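Here chain A shows up in two complexes: once beside chain B, once beside chain C.
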Partner chain A sequence: MTTQVTRPGQPAGPGHGINLHVLGPIVALLVLIVAGALMNPNFLSYANITNVLARSAFIGIIAVGMTFVITAGGLDLSVGSMAAFIAGLMILVMNLLVPSMGAGISVILVGMAVALGAGLLAGFLNGFLITNMRIEAFIVTLGTMGIYRSLVTWLADGGTLSLDFGLREAYGPVYYGGLLGVSWPIIVFLVVAILGEIGMRKTAFGRYCAAIGSNDQVARYSSVDVNRIRLLTYVGLGLLVGIATIMYVPRLGSASSSTGVLWELEAIAAVIIGGTMLKGGFGRVWGTVVGVLILGLIDNLLNLTDWVSPYLNGAIQGVIIVLAVILQRENRPEG
Partner chain B sequence: MTAAKLSLSAVNRSFGPVQILFDVSIDLLPGEVHALIGENGAGKSTTMKIMSGYLAPSSGEVRLDGKAMVFGGSQAAESRGVVLIHQEFNLADQLTVEQNVFLGRELRRGLFLDKHAMRAQTVALLDRLHCRVDPDARVRDISNSDKQMVEIAKALGRDAQVLIMDEPTAVLTNREAEVLFEQVDRLRKEGVAILFTSHKLDEVKRISDRVTVMRDGRVVQSGPTSAMTEDAMANAMVGREMSDLFPKRVSALGQDIALRVRGLTVPRYADDVSFDLRRGEILGIAGLVGSGRTETMEGLVALRRHTGQVEIEGRPVTIRSPRDAQMQGLVYLTEDRKGRGLVLNMGMRENLTLQSLGQFAKPFLDRKAEETALDKAVRDFDIRAPSRAVRVRNLSGGNQQKLLIAKIMQTGPRIVIIDEPTRGIDIGTKQQIYDFIHRLSAQGVSVIVISSELPEVIGLADRVLVMRQGRITGGVEGPQKTEDAIVRLAMGLEARTKGEAA
Partner chain C sequence: MKHLALMATTALTLSAAPLWAQEAEETQVIGISIPAATHGWAGGMNYFAQAAVERLEEVYPQLDFVLATASDPSKQVSDIEDMVATRGIDALVVLPFESEPLTGPVKAVADQGVWITVVDRGLSEPGIEDLYVAGDNPGFGRVSGEYMVSALPEGGKVVALRGIPTTIDNERVAGFEEAIAGSGIEVLGMEHGNWNRDDAFTVMQDFLSKHSQIDAVWASDDDMAVGVLAAIEAAGRSDVKFVLGGAGMKEMIARTRDSDPMVPANVTYPPSMIASAIEITALGLVSDAPVAGRFIIGSELVTPENAEQYYFPDSPF
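Entry: the complex of A and B
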């Protein structure tokens, strides 16, 4: 045991050692970028960077929503399965409509609406069970995780749901196309991240999330509608899962029981690496974005270099997550 | 004179550039009860933490049995028999009494726990304290005084020679405190050195042998308790003569009814409670702990499920949530400052505006307006913080309470319910809060004050309602507003005055 760390009720020293805590994720990201550039000259190429960003965008969009859920003291394990289920549902609906509506924009718009609607509904279901039925978030979303995973397997009849070929062509640009050389998933991720950052820092909603995550009783006694805010975090996350799925489906044009596997853990990992506290009360969206980039770059780096087997990706991510939490602990008073 | 068991010698302590303790020297003698008193922020907590190894002195010495010690931490201090009992108990709620007593030093026989021996020792310890709590009871289910006893049993089980207690009676009722004092007396006879802090000077007078008064990080007075009157203690703490604690009533009461409550029932806690509150009136609610005072008022603002009719300024209102109540100008300020009042790990600004955040969101939070509001609150309520960025956790109790009051006032209420406005607060701050409540009433705001301190309700309120077992048993005002009358009503003896006309 080392000496006693700060206890509640004791005046905190000035400075607080905040710097490492605030800058930690950014420093880690910079180190990663420099290391990558030294190891492989292609690392910083435009093509590689956009590739990494586009692949990270799905997790990133979900992780932004997850930041709010976790900040408000919740958790959602179901997002990966939810994405798979929404993808399967979307493909199924669109394929069904092709004969009557043709393989065009209108079918894709319907598919997108289905994805958004399904995401909203799934998020609402999670939130409703957690807030109104007062069931632990972990239990509820563990349950829905199993349900959605099983539903997509059932929809695909154990195999793969493939998007109609004509539709693939029409839908492809949503993943492969872009604006001014930046692909759509990156743009959407950026927009979601900026809105999320504003929502967290600049709105009453973000402040309420942090207050509820810190102490929901205090929030309740301060006239905050705790259940409504919590519910909204899950609904928002569901909606973002829908958006992420919309961006994801054109990439492979299919959904199966292995779609979105472990996305929930990657999203949670990104949130934690970014400095949001797992037990709630403090969250920052920009940190989550940095966390997503760190995870994406590690994956990319292992593929580009042959120093470490890419099979060890998971191990390295695990180490990073644990390190991030250790750094958090040293700079936050117990509470 | 016996040699000191534990002593601080010329101890200084700073946090960063801020010096908290200046040249503090205190001797704890075996078999002596030592009271440490002072206003919030005088340095009592820091002193106790240094004694018990939670903090190291910046300079000066901690001596145990005359030898200079450097405790590497609270565990090192405990292993040498110096134990601090925190005001918020340090017990594992879900574990049983017995498991708590042996937490961290479980007895073993080979690989397995020696439950038999632990049971025997627990029973012996509890017996020694004359505490009848069941060793198998879960700590979350036992009363505060029993928790206190379990803490002491835990300390004795670790062979405590020095027992340091941070406001041990703050969470106890008078009867529970009485039990505690008996045990303290017993321990004193066994030769344990005891130090405790308290804001209740009468109990300091009664139980301690020696008093040390701290002010602004310094020991200003120390001597045998018998040589000091309560007044002298209060004056030493505050550093000035205490004028009349309660301000004189200046304004005449209005006649219009601000709040009319009829048949308010909160399942299990309040039964058919009816009362009127006039504009600008200060209404006291007295009663024993557990009489349903808090729950009744929490029901009124819909923090609990309730039925009954409520009229505010003559209009019938339906209150389904605390927000509804707030919209009607009715707010409730909790007695549980740390658990329900303030977000401890947030700053003053975030706490101040939490309840009225709508005012600051247009639609984005206006940080500048928040800062301005904080400036104003710090001025109006004399909130003293080491810095603006300080986490509320690190404010003293009195300043937390002031911030909490500032927070509910931010909503612009017409009717304010304040539950235990001065619990655990030093006398100087108390006076400020009383003044503030009077100013509110002078502005036409109606105030309900729930308090367990009889002098407080009597001194502060125009009229006092007394609750017992979820019902209002009577009301007293004017010359009938005496401690005796209130106690009789609270205990369920015959009501000498007729109850509130319903």
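Entry: the complex of A and C
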């Protein structure tokens, strides 16, 4: 497609010096930040930044795991429902234990263990069906998406599961508290993102994911255990959904059938905005983090300004997502 | 219905067997089609529908009930078609998922002579239903607005959270705006919280960042009120005097009953209206009492004094 670089309106090309493929998401993020600062003086306040980062953390933690799944040529549509189900399960178990163990740290630790265990199992189930049973990832996770969504509705009897009031006091600091003025969800998101970045760039696992995503036959001939690596990406994603749920439950202390709706699409959108290829073969964890921040900031900006009807929020979001992807399209080898 | 006593005896002796097989003429079937429990209010509505069916099955052995919950409009259309084709329903109680897509199919059922009761969301064409049972959405907004005016006699700055963009939401907001017109209450902003706790939490956080002084919040729904209250508490803001929710979630009613200053009142929009619709439809089938027409259930103000009578501990909502 080298003939296309001289097309009018496309400034990028060989010799241009700036690689928009890499910078695209960052440019979009910067534009949003500058626009936000100009439109509302409170935008850059400590409280607002903390709000946006903390509420983006759930999608962010999940999206890091999603980056690996997509890089290895897979997809997971079940994460939002899975998070709702794990949240419901966690609340039920913790409420059950309060009479015998008291509303303290020990119950919270059990709850966290339940969340991590359930996440691992759910991820393993997805991965097992996809790799060993050889069913399309789209179909498997579409199925489990419906299953978990129904299960949480059933657990909650169609209503809302609420955490025991005493426990809520004890557990609340996990979302609202923090270290040196940085709240816990932000810290956890940061640690997950850094580990993810290292995992993607520096480890054999990351390279195997990319190899499988670009051509699983070649990877297989190069003695990569394709099924095992793929399974691991889903298990890892399940674990991260568990971690995200641990951070989510203390916020409102409740779970219902409307918990985590569309999280899967937000996570996938963040991954793609960040420059990971939807068809697999190339993944960028830091890009995913930028993608998550872009999505979080758009929502925040639309709430902070009045110049667009709230009916159009979805349209603005859509336009910015598409623009962010267009920005980084040009230098890609296949256009 | 002349042989009611006789039929009741027959029904008792045969109660284990499906009656409609042998006694198709005497057993009447009521089909109930409602949206699935996708949020708190719908969960409550499902609960009250099931409770009403259980109660009526005991009271009227000559009635059979078919209850189907749908997660989208097209599933609801299929449910209704199945009810007509396989169960030969005599009456249909339907809470339409959306007005437009359900109007045609429900009209087709009505044309076959089936009694139609429409609940809460009206069809787009008037005159199809025999009975219309609904909450009062403009009234819901008006009662909320009147409460705001009485609670902020000096006027004040409020923010409002809206539901999912629908006619219901528009009518409520219009009623609210009408009630506060000229009262000195200034609405700083309105955003959609989609009747969802998490969305409401996010929207309220941003309202708090944007406005340094907010006197009260019209959350317009108790699920949204939960998110709003959490956001205010997390921000540590003391300028917000109270949050007015709505629909009467039991946890919120309990807080009003216990005189929580942040939740001083509530406005009802009872999910149990589905039970009213089923009961009245059943009454119409088994008796000669006329029940055709419109039955509008008023939105009432819940205060600490009367909260106890709106508290239903067994309901999921």
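By definition in this document, the second predicted complex is superposed on the first by the 306 of 335 C-alpha atoms of A that agree within 3 Å, B and C clash if a C-alpha of one lies under 4 Å from a C-alpha of the other, contacts with A are read in each partner's own complex, and residues count from 1 in each chain.
To be clear about the criterion, contacts are C-beta pairs under 8 Å (C-beta built on N, C-alpha and C of every residue); 3 or more make two chains touch, one makes a residue touch a chain.
No experiment lies behind these values; they were computed from the predicted model shown.
Using the contact criterion defined above for the overlaid structures, shared-chain residue A:N300 touches chain C, although it does not reach chain B. In the superposition on chain A, A:A47 makes contact with chain C only, while chain B stays out of contact range.
In the superposed model, A:I320 makes contact with neither chain B nor chain C. When the two structures are aligned on the shared chain, A:G159 is found in touch with chain C, with no touch to chain B.
In the superposition on chain A, contact is made by A:R55 with chain C only, not with chain B. Contact with chain B, but none with chain C, is seen for A:Q217 once the two complexes are overlaid on the shared chain. Of the two partner chains placed by superposition, only chain C is touched by A:S258; chain B is not.
When the two complexes are overlaid on their common chain A, residue A:L116 makes contact with neither chain B nor chain C. Comparing the two complexes, no residue of chain A contacts chain B in one case and chain C in the other.
On the chain B side of its complex with chain A, the touching residues are 15-18, 20, 45-46, 49, 53-56, 72-75, 303, 321-323, 325-326, 331-332, 334, 339-346, 350, 354-355, 357-358, 360-361, 363-365, 386-387, 390-391, 393-394, 407, 411. Considering their complex, residues 36-40, 42-44, 46-47, 162, 165, 189-192, 196-198, 201-203, 205-210, 223, 226-227, 230, 234-235, 251, 315-317 of chain C touch chain A. Those residues of chain A lying in contact with chain B across their complex are 1, 3-4, 7-15, 198, 201-204, 207-208, 210-211, 214-215, 217-225, 281-282, 332-333, 335. For chain A in complex with chain C, the touching residues are 40, 42-43, 45, 47-48, 51, 55, 153, 156-160, 162, 176, 251-252, 254, 256-259, 261, 299-300, 303-304, 306, 310-311, 313.
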